[in-house]
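Same chain, two partners: chain A is paired with chain B first, then with chain C.
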Partner chain A sequence: MELLNSSLLEWSRAQFAMTAGYHWLFVPLTLGLGIIMSIVESIYVKTGDEKWKKAAKFWQLIFGINFAIGVATGIILEFQFGTNWSNYSWFVGDIFGAPLAIEGIVAFFLEATFISIMFFGWNRVGKKTHLASTWLTVGGATLSAYWILVANAWMQYPAGMAFNPETVRNEMVSFWSVALSPFAVNKFFHTVVSAWGLGAAFVSGVSAWYLIKNRNNDFALKSIKVSAIFGLVSFLLLAITGDGSAYQVAQKQPMKLAAMEGLYKGHEGAGLIAVGMLNPAKKAYDDNVDPYAFKIELPKMLSLMGYRNINAFVPGINDIVAGGYALPDGSIALSFEEKRSRGQKAIEALANFQEAKKAGLDSEAAQYEAVLRENYPYFGYGYLTDAHQLVPNVPLTFYSFHIMVIIGAYFILLFLVLCWYNCKKKIESTRWLQYVALWSIPLAYIAGQLGWVVAEVGRQPWTIQDVLPLQAAVSSLSAGNVIITFTLFALLFTALLIAEITIMVKQIKKGPED
Partner chain B sequence: MITYSFLQEYWWFIISLLGGLLVFLLFVQGGQSMIKSLGKTEDERRLIVYALGRKWEYTFTTLVTFGGAFFASFPLFYSTSFGGAYWVWMLLLFSFVLQAVSYEFQSKPGNVFGTGTYRTFLFLNGLLGPFLIGAAVATFYTGSAFAVSKGNLVGLGGVGPVISQWQNPLHGLEALFDIRNWCLGLAVLFLARTLAALFFVNRLDDESLVSRARKYVLYNGIPFVVFFLTFLIWTLVAKGFAVDPATKAVSLEPLKYLNNFIQMPIVLIFFLLGVVAVLYGVIATVFQTGFKKGIWFAGAGTVITVTMLLLIAGYNNTAYYPSTADLQSSLTIRNSSSSEFTLTAMSIVSILVPFVLAYIIYAWRALEKKRLSVEDLKTDGHAY
Partner chain C sequence: MTENTIANEKFNWFKMFWDGFMSMSTLGKTLWVVVIVKLIIMFAILKPFFFSDFLSSKDDKASYVSEELVDRSVSLPLSE
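Our next item is the complex of A and B:
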């Protein structure tokens, strides 16, 4: 047990968070800018107007710079499941590996093959073939997002699997329950549409910079025309899919929902916090300190979002620990201690099952298997020692969620204004709007990162909801190894990020002319 | 009838084939290791980078797919090897991260570190990539020190919940103490360089570069053959890790890999055909000045040879990832695979592979209608 000290766990988590966070700096621009450059090229093919071609080529150049570093930061993520979460890889590899393999076979090759035609094919293939290649590149990237989000969604909402005590792992029993889980489908749309929104914010912001500098105005206005409409549609879809996410989180991850709202004591007809601040003095769920410094609520909205019923009971953190409230299906929620005791029973039954099998005592083994099956839904709780481990970092989840939502609402407004001014042909002359669009670019990045913080921090301590907590998932390494790789990758990614930004800024300053 | 054993063998074949394709595609890395030495002028070096730059993503994607497919079909390998031989895999990944940005960034203004740095990155990936992959694959025949005990998860082992426990604190770097691992690592490195030289002979329209590349085929082909034969003969005469099909017990068996070839003559025949194709590609390119098709012979030969070599590591009751610390922990295609359900589902997905190959071939041909020259660097909008 000494190996599995908290330092190893913390560093392994930090490494995953750091590499995933870096990767997500680049992926959304790939997905979002990808669609925009494809639309721009489609307009060129349709109209034959060389100015649209120039615009398409420019955005593809920016896309390429960003794409390379997205690829670079992505490879580590796939392999990290094996290198740093070895037990996880065995325990659920039978289910989790498949989407990763499909991602490679179906999506990455599509992306890698057609991006070469997109970049090198302008003089070598016909106009329409080139356009098809551009769309296929983005299609491949989007498809890859689908499969990796299927994998992530499955961790949060395990479905389509059964535990096999002989092999000591979960095994897939329904491919479609995994691949088309409602959680996965909603997560895909929410995530991809957020990427589109970021792409739109990026293109609008960069175009606004040209207008501020009063150069390449025609190119900038053409680009904004596409990005403003695309951005508005994206952020509206984002609100709808975000609502879908909240509903699903309420069903399967009530603790995450409670942390998102800083809700300790649940009640019926719960309100959604519009603006609020947590009380920094609150240190633990059971310290009886008032959780809020102040809050402004939208009455009954949380109940409506989470349970589609304005009077539904929304459990708070304390309720989830203590249990005893009625669940939507009519059953009574178990307390943490009850779940933990059932988890321990499941673990013990699995141990006894294995020893009975080894000794050739099949009928005894069958009895242990029955105990195991009965208690398996709480298997992961058997590894926890204290109810405090069940509570994620509330301030981080709370603020990430609320800032993300506020930024999302802000972008709906911004794109409405941009669309309006575009309609009235007044963008070119409205200086303040150009500055606002330019300085909004970082906000889109922040919102995307915060979204992942909510999703991933909010579900702690689980690598797989209710089934496998972090401490049973991590590899058997000494913390020193992970500290070194963390440092190496942090330095390298930071250096590459700096290079990427300066290259991009240079290219943007150079402009679409050359 | 599609049985569970058939599916396990099918997936070992797919993994072996992906391994073969990956080693062939390492010609990109081989080329990266000779940008400075093969190219004498800046134009020549840019041309080399340009020729490789439209291919590097295939190698990269194949590596990622190889990893994903291995995870999906043999997850116990994924958890044991990656979590155990941590440093080998991390160094490999690190070198591929360096590669991924280096083409796109190297000649762009504002790249902060300068063209030379990015070319050094490519050089590092060119050396480390093939060498580490070769050395890691060599451990399929020489073994590693680990123990697998599923009881650990429920507290039966007394070492915490982790099922796969690596027994050496160097976490994979200890593989470098085995000369046989070095032999395969160096063999793959020189093979990658040989293939790269053959690729340049085929693709470049530049007399001085091509004639130099021909010489490079010879200079790298010879050490490749020496290291490869050393590894091969050593492995064939060494003890191998045999599995008793009835008891599943693993034991050391003299001449195991040689016996595998003899007991699976089709594998042996394809292996020999592959070797002949590689040698023909190399020798014909060196001795016939007009011969440009060496890469296709040597490339196809590489795919076949490597695939067959991996088949004898896993087929015919052999443990493909043997443990020297605890023989009974060794991984076989039976005890490390995914469930029958998952392998079936994945097999249905694998029907898409010919379709993927078809569009790769289409794209390759669309871009390679004519050979590349320095002139192309001036007219192409996306030259590096």
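Our next item is the complex of A and C:
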């Protein structure tokens, strides 16, 4: 076997992270702007006011630019599964393939069909048919996102599957357990609502630019009226779904929650850090260095958020490594060493099962299969050499989480102010608010990216939680090949981003049609 | 065609696409160029030359992955 090296692993990770990061620059605007343009068109259909129609057509044009340039960037991620993460791709079998196939066949075609009526059908179908097409376009895009997020959620919380040692694949035993796992449902709502928030921030910011330039004021005020209310609702929903996501993380990925909070030593009635800074001197979970330079906590809130009980015990990183604490289901948490031992037993049983099958020893194979099944929940621990590998990048996860939350709170305030000034009809004359709205657009993108950093960095070292770590999932490629493709992707995506920004800015400067 | 005459016209998919493409603005044409160039790069260059399916070259994929999974367990630590 060609031995792996850390360079291959790191470049493969970097490549996937870069592709996913770029992909998430395009997707949230499609989802968020899609809802806003649909609302604007709904108002036009209800009121018959041509100015709303003009606004709807303009936002659909911007939607079209983003859609055309961003569409199919996610396919690059699928290329990488087959090439860079081939062990993973084989191992997850049809569980991962089924949601992606549904996404491609049903959702994308729904989107692609109705987008043509949305753009070409203004004067060919009735108002209500056109409106239905617009909603179905964004509905298709949202459905697309759902199936992608189901696939992602399964990696974070593998449900509804059984491992088949003969094919070395996980096979789906319950479609609905995969499609409707609480992790998937929460992830979908939190992610999609974050995209709505980004869409609202984008529309508010662009509209504010028109007000700053003192042109197309009526269009801008109409757009802000919709985006401010929609943005406020979105960010409030984001806080609620974020709470749901944190609860799921506490139940299924306690190490991620501990990293998000920089919590090394768990305790009952744990507080949530409102503002804090990690101690840069802390290098490892077991170095006895105080993890915080300073912190301001909301007392007992982490226990409440994670376990719906203000006095619940929240395990820290050290506790998760050492085990021995009571889990929510009443069982006692295993230590890292115990999990690793069970993981090694599972891998050994797989090897023995394969040998027995080849030799035609079915009864022995059945015994090995039983050992494998008993220890399978810890299969991935058999690849970890020591407990330090179990701990994700704490500073990156901690700061990403807290900055994301701060930006989310900032947007709730911003949209509240925008709604207030809109009610008072003062937005047009409040120049500082227009600038704030305009310069807040990048913050929405940053928050979205940070959310994915929390979700993905926080679950390291796993590609599939507890079952398959990175070093077992990656293909035996040469690191040089991965560096070449990394560079090609960087160039392609940067070119696409430049094209998107250039075309979009040009169209925004041109403004809505007269 | 105006919206007032829509009710009198029978919807024709082909005509909608034909007229839509024929009367496409510069922006629309530019976006189609971007889409086509992007898809060519992705499917005609990146996929065949840089992203072939890694396992497609293996005769027995299950055995290959099984060996990989067993060999990479902690008994064989990663090399630098």
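Everything that follows uses one rule, which is that the second predicted complex is superposed on the first by the 508 of 514 C-alpha atoms of A that agree within 3 Å, B and C clash if a C-alpha of one lies under 4 Å from a C-alpha of the other, contacts with A are read in each partner's own complex, and residues count from 1 in each chain.
The rule is simple: contacts are C-beta pairs under 8 Å (C-beta built on N, C-alpha and C of every residue); 3 or more make two chains touch, one makes a residue touch a chain.
Keep in mind that what you see is a predicted model, and the values were worked out from it rather than measured.
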Exercise for the section: In the superposition on chain A, see if there is space for chain B and chain C together, and answer fit or clash. Expected result: clash
Exercise for the section: Could you look at A:Pro442 and tell me whether it touches chain B, chain C, both or neither (first, second, both, neither)? Expected result: neither
Problem - Which superposed partner A:Ile75 touches (first chain B, second chain C, both, neither) - result: both
Handout entry: First, second, both or neither for A:Thr385, with chain B first and chain C second
Key = second
Practice task
In the overlay, answer first, second, both or neither for which of chain B and chain C A:Pro328 touches.
Solution key: neither
Exercise for the section: Go through the superposed model and pick first if A:Gly48 touches only chain B, second if only chain C, both, or neither. Expected result: neither
Exercise for the section: Could you look at A:Phe120 and tell me whether it touches chain B, chain C, both or neither (first, second, both, neither)? Expected result: both
Handout entry: Partner contacting more residues of chain A (chain B vs chain C)
Key = B
Exercise for the section: Report for A:Ser6: first if it touches chain B alone, second if chain C alone, otherwise both or neither. Expected result: second
Practice task
Check the residue A:Ala472 against both partner chains and state whether it touches chain B (first), chain C (second), both, or neither.
Solution key: both
Practice task
Report for A:Val173: first if it touches chain B alone, second if chain C alone, otherwise both or neither.
Solution key: first
Practice task
Please state which segment of chain B collides with chain C in the superposed model; the candidates are 200-208, 218-226 or 362-370.
Solution key: 362-370
Completion exercise
chain A contact set shared between chain B and chain C covers 1, 3-4, 64-65, 68-69, 71-72, 75-76, 79, 82-84, 86-87, 89-91, 116-117, 119-121, 123-125, 167-169, 347-348, 350-351, 354, 383, 471-472, 475-477, 481, 485, 488, 492, 496, 499, 503, 507
Handout entry: Residues on chain B engaged by chain A in the complex (per definition of touch)
Key = 54, 57-58, 60-61, 63-65, 67-69, 71-73, 75-76, 78-84, 86-87, 89-90, 93-94, 96-101, 103-105, 108-113, 150-151, 153-156, 159-166, 169, 171, 338-339, 341-342, 345-346, 349-350, 352-353, 356, 359-360, 363, 366-367, 369, 379-382
Handout entry: Sites on chain C touched by chain A in the complex
Key = 1-3, 6-7, 9, 11, 15-17, 19-20, 27, 30-32, 34-35, 38-39, 41-42, 46-47, 50-55, 61-63, 65-74, 76-80
Handout entry: Complex contact set, residues of chain A against chain C
Key = 1, 3-6, 9, 61, 64-65, 68-69, 71-72, 75-76, 79-80, 82-84, 86-87, 89-91, 116-117, 119-121, 123-127, 166-169, 340, 343-344, 347-348, 350-351, 354, 382-385, 471-472, 475-477, 481, 484-485, 488, 492, 496, 499, 503, 507
Exercise for the section: Would you tell me which residues of chain A are touching chain B in their complex? Expected result: 1-4, 57, 64-65, 67-69, 71-76, 78-79, 81-91, 93-98, 100-106, 108-117, 119-125, 129, 133, 164, 167-169, 171-173, 175, 347-348, 350-351, 354-355, 383, 471-472, 474-478, 481, 485, 488-489, 492, 495-496, 498-500, 502-503, 505-507, 510
